[in-house]
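First chain A sits with chain B, and in the next complex the same chain sits with chain C.
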Partner chain A sequence: MSAILAIDGLSVEFRRAGAAIGALRQVGLKVAAGECVGIVGESGSGKTQLGMAVMGLLPANAAASGSIRFAGREILAAPRALLQSLRGAKLAMIFQDPQSSLTPHLRIGVQLAEVLVFHRKMPRRRAQDAALAMLRRVGIDDAARRMRQYPHELSGGMRQRVLIGMSLLCGPDLLIADEPTTALDVAVQAQVIGLLQDMRREFHTAIVLISHDLAVVAGLAERIYVMYAGRIVETARAADLYRGPRHPYTAALLRCAPRIDAALAPRLDTLPGQPPNLALPIEGCAFAPRCWRATERCTRERPLLLPADATAQAACHHPLCA
Partner chain B sequence: MNAPLLEVRDLRVEFAAGRHAMRRKRFVALQDVSFDLPAATTVGLVGESGCGKSTLARAILRLIPAAGGRVLWRGEDLLTLSRAALRRRRRDLQIVFQDPLASLDPQMTVGDILGEPLEIFEAALGARERRARTGEMLARVGLEPWMAARYPHEFSGGQCQRIGIARAMMPRPQLLICDEAVSSLDVSIQGQIVNLLSDLQRETGMAMLFISHNLSVVRHVSRQVLVMYLGRLVESAPRDELFAAPLHPFTRALIGAVPRIRPGAQAEAAERLAGEPPPLRSAPSGCVFRSRCAHAAAICAAAPPLQRAAEGHMVACHRLHELPPWTALPK
Partner chain C sequence: MSAPPEDLGPLAPGLWRGAGRRLLTDRAATAALAAIFALIAAAIIGPHVNPNRFDAIDWGNIAVGPSLRHAHWLGTDRLGRDLFVRTLLGTRISLAIGLVATSVSLAVGIVYGAVAGFAGGRVDHLMMRVIEILSGLPLIFFVILLTVVFGRNLLLLFVSIGAIGWLTMARIVRGQAMVLRGREFIEAAVAGGAGPARIIFRHIVPNVIGPVIVYATLTVPQMILFESFLSFLGLGVQEPQASLGTLIAEGAAEMESAPWMLLVPGVVLAILLISFNVLGDALRDALDVKEH
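== the complex of A and B ==
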């Protein structure tokens, strides 16, 4: 299978008030055509910046280096015109807050049709028909009426459905979904994950699903990358990762979150401390100060992301279940 | 059994909606909400966003007016207290909010934020004594006493939530309401805060009303769980019973929809809840859940009473005895 997305040695630094914040550090990642890959990490781990870098949407104070190849073509620092022709057509992204991703003063139908008018040069009437069909396809009831409504007249779940539909209008090769269900209630969250699943089957779109919640990613992704402090610390097939995490951070993430189907203990497992300040230099393993397996070596020497078996990699001097 | 610390009886809250004062329509945000909260106990409250969870918290504290019912605190109705008496009573009932930074005054130092409840409720205390109590409390919630001189924006989200908890604990309350208190925190921090709350409860014997949309966290902390839908309690049961044998179709759908970590364990068979709750102002008559319920029948056009299904287990469903047995989800 050829990779639709191949990221290599990607680093992103933000300059703010004289300080340089290393948001992404030498990140590498591959997504095969039609594959669903999960990216998991806590706030500040760099998972959103990774999505923004692929979309070419990093803010002006960000300096990126490395390589992002999309369908074999380098898109990091590509000319604006190229990115603009890709975004929304071949390359789409949906965000956590569907309200702020829609233009508040334009009707839903106009916003959807615009995508086809712009990218496909479709006559507006035909674009409207295609938009209506897509709304029905993503499970919006009474789609004809919804086409005439404004974003604020729709519920959060419906807005996210609209955005998923909008992102799929041009049949993109890659959809980046950044916390698409975090703002939604659990029942609606299950609906949206189910919809992404169906859409992926139908349109053969590769999906990068970004979430802080391992359980949400579990429902969809075949492979998972775990991020901590701007680096990928572990990657494995989803089933393997859940069964036997290698990096202590992954193990802690799995253990810390209370589970509805796990045995109850009097106390929740916790991870002491908090993630490092990315504006300060990090020596050795960034996770070492919170890690129960850390040794003197971990504070001195940064572990490289090395193959653990044919499909898994971990960046740890003392991995679990070797 | 001891008399409950807090008894909420038929609590009703109404809101008015509409742009024009004359044409405003009133709608019911909370209807017939009744439950008990014994001392040293945690009661969990779950439901979708907009169902009235926070409204209930605010109505209990009289931060918003109630349209009917009673809120009995050790037998005394908070809803009829005079302003002055209410203010004195409030030291016993404290609340922690979801957004830790937004609920702390950015212009006050952490020391002033924690000292303020003491100035109000223990005015006789000297400045030195107040500082000592503030420092003790900071240490108790896992921060350092010297942090009293800092401002809220200098802290991380998890630390701000510790400050929010410390402030609530300063007047030594007997009831702590946690309104989505861990919902905006990362999982590794969430557990720290949940454990802190459990420890504080064990040390002080305070009761907690733990409001969250996160069923897994509620399952972990609660002894009794209340399930709310569109402003009505639809089910109330002891924790283990609620999660092992939920009765109300809404509770079942809610539990079935929680994502499972084991790949493939997501319950395809679980009753998938379609659509989203209608807005409160257009809640269906009769059973409010009937517009989304797979088991709705003609009888559901009448409001179902909350009836006893087992010891401590109440459920508001006409079809209770016709529902299929609950099949536990794959482990």
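== the complex of A and C ==
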């Protein structure tokens, strides 16, 4: 399978008040066509910036280096016109908060149809029909009436459905979903994940699912990248990662996830300590100060992301279950 | 000048209906609205009701007081011209200047402000410095200069007043645009492949309409007042045309012997200004989400 997205040695630095904050450090990642890849990490681990970098939406004070190839084309330093023509058409993104991702003053139908009129130069009538069909497809009841409604008249779950439908209208090759379920309640979360699953099968869209929630990613992703302090610390097939995490950070994340069958346990495990300050140089393994397996070597020498088996890589001097 | 309205946020369409209802329950606002419509209607129809022409001189009735016994219901001026007709004609011109100048300032201010606010960074800096320089220019001097160079004509007056009125409007729109720029739906629009022009006109401008309408309502009386001021100084509308400002200037000269010459246009101007200000304030309250 050819890679639809190949990121290599991507670093992103933010300059703020004299300090340089390394949000992404030498990140490498591959997504095959039609594949679903999960990116997991705590807040501030750089996962959102990764999505933004791919979309070319990094803020003005960010400096990026490395390479992002989309469908074989370099897009990191690409001219704005090229990015603009890709965005929304070949490269789509959905955001965390469906409440505020729709323009409040336009009817749902108009917003959806506009995507097609704009990118596909489709006549408005036909675009409206296509939008209506898409709304039905993403499971919105009474779609004809919804087309005439404004965003604030829809529930959060429905709005996320609309946004997913909107992002798929032009049949993109890659969909970046940044915390698509975080703002939704649990029952709706499951529906949205199910919908993404269906859509992926139907449209053969590769999905990069960014989330802090391992459970959400587990439902969808085939492969998972775990990020910590701007680096990828482990990658493996989803099932393998759950069964046998190699990096202590992954293990800790798994342990922190609330489980219904552990409801009788006295309390939820938490990960002690704080992620490192990204404005300061990090020596050795960034996770070492919070790691129970850390040795003197970990504070001195940064572990490289090395293959652990045919499909997995981990950046740890003392991996688990090795 | 009243304080610029605070951030109202993008307005949901349902809110407009609510705002309209709230506005009509506000008794002062309803009265102001009625007064404005009545004056507009009078300015359009009024001169046709009275047989006198605005520039006809009635030699037999020079400087007579208001009375219903002769054809000059509100009296005549020093030259025997009918004050009723002249005042309504003046109202017409003053209103037209207020509305046209406000429209000019709306058009320029919205575009300029939205571009500056959305672009941000160096572009924004440069655009704001331009505004500061322009607002630092002495306005009267600027208008005198224009009239000297281009001669006195009504169109020039409209344009020059509007050209200055947009400064504050641009500042307000810029502030709103900066707030909106950080909102997710703008980011989503960018992620959807929309270019800057499309984002500004399709996603930002419609969402700043709330505060802009409020400010526009408050701009109309400012513009009227400014025109009156210019006319009072003799820089505005030319004889035999009249605006409320020239009428007041003429009236002020005869204030002691013929007070009605000042009172008639003065009262009309006062009603107009108060009505627009009351309406603007009421609109601001009606559109304020936080209070409801």
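The working rule: the second predicted complex is superposed on the first by the 318 of 322 C-alpha atoms of A that agree within 3 Å, B and C clash if a C-alpha of one lies under 4 Å from a C-alpha of the other, contacts with A are read in each partner's own complex, and residues count from 1 in each chain.
One rule holds for everything that comes next: a contact is a pair of C-beta atoms (placed from the backbone, for glycine too) under 8 Å apart; a residue touches a chain by one contact, two chains touch by 3 or more.
Note that the coordinates shown come from a computational prediction; the quantities given were computed from them, not determined experimentally.
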Ask   = Since both structures carry chain A, what do chain B and chain C do when superposed there: clash or fit?
value = fit
Inquiry  = Just to be sure I read the superposition right, which of the two partners does A:Thr270 touch: chain B = first, chain C = second, or both, or neither?
reply    = first
Request  = Would you check which partner chain A:Lys30 touches, where first means chain B only, second means chain C only, and both and neither mean what they say?
outcome  = neither
Key: Touched partner set for A:Val186, first chain B, second chain C, both or neither   = first
Query = Just chain B (first), just chain C (second), both, or neither: which does A:Gln84 touch?
reply = second
Ask   = Given Cα centres, how many degrees, to the nearest 10, is the angle at chain A formed with chain B and chain C?
value = 80
Message = So if I take every C-alpha atom in chain B and every one in chain C after superposing, what is the smallest distance between them in Å?
response = 6
Remark   = chain C partner, complex, touching residues on chain A are 55, 57, 60, 84-89, 92-93, 95-97, 100-106, 114-115, 118-119, 150, 152-153, 163, 166-167
Key: chain A contact footprint on chain C (complex, rising order)   = 10-14, 120-121, 183-185, 187-195, 198, 202-203, 206-207
Ask   = Of all residues in chain B, which touch chain A in the complex?
value = 48-49, 156-158, 186-192, 194-195, 198, 213, 215-217, 219-220, 243, 253-255, 257-263, 265-266, 272-276, 329, 331
Key: Touching residues (chain side chain A, partner chain B) in the complex   = 42-43, 141, 155-158, 185-191, 193-194, 212-216, 218-219, 238-239, 242, 252-254, 256-261, 264, 266-272, 274
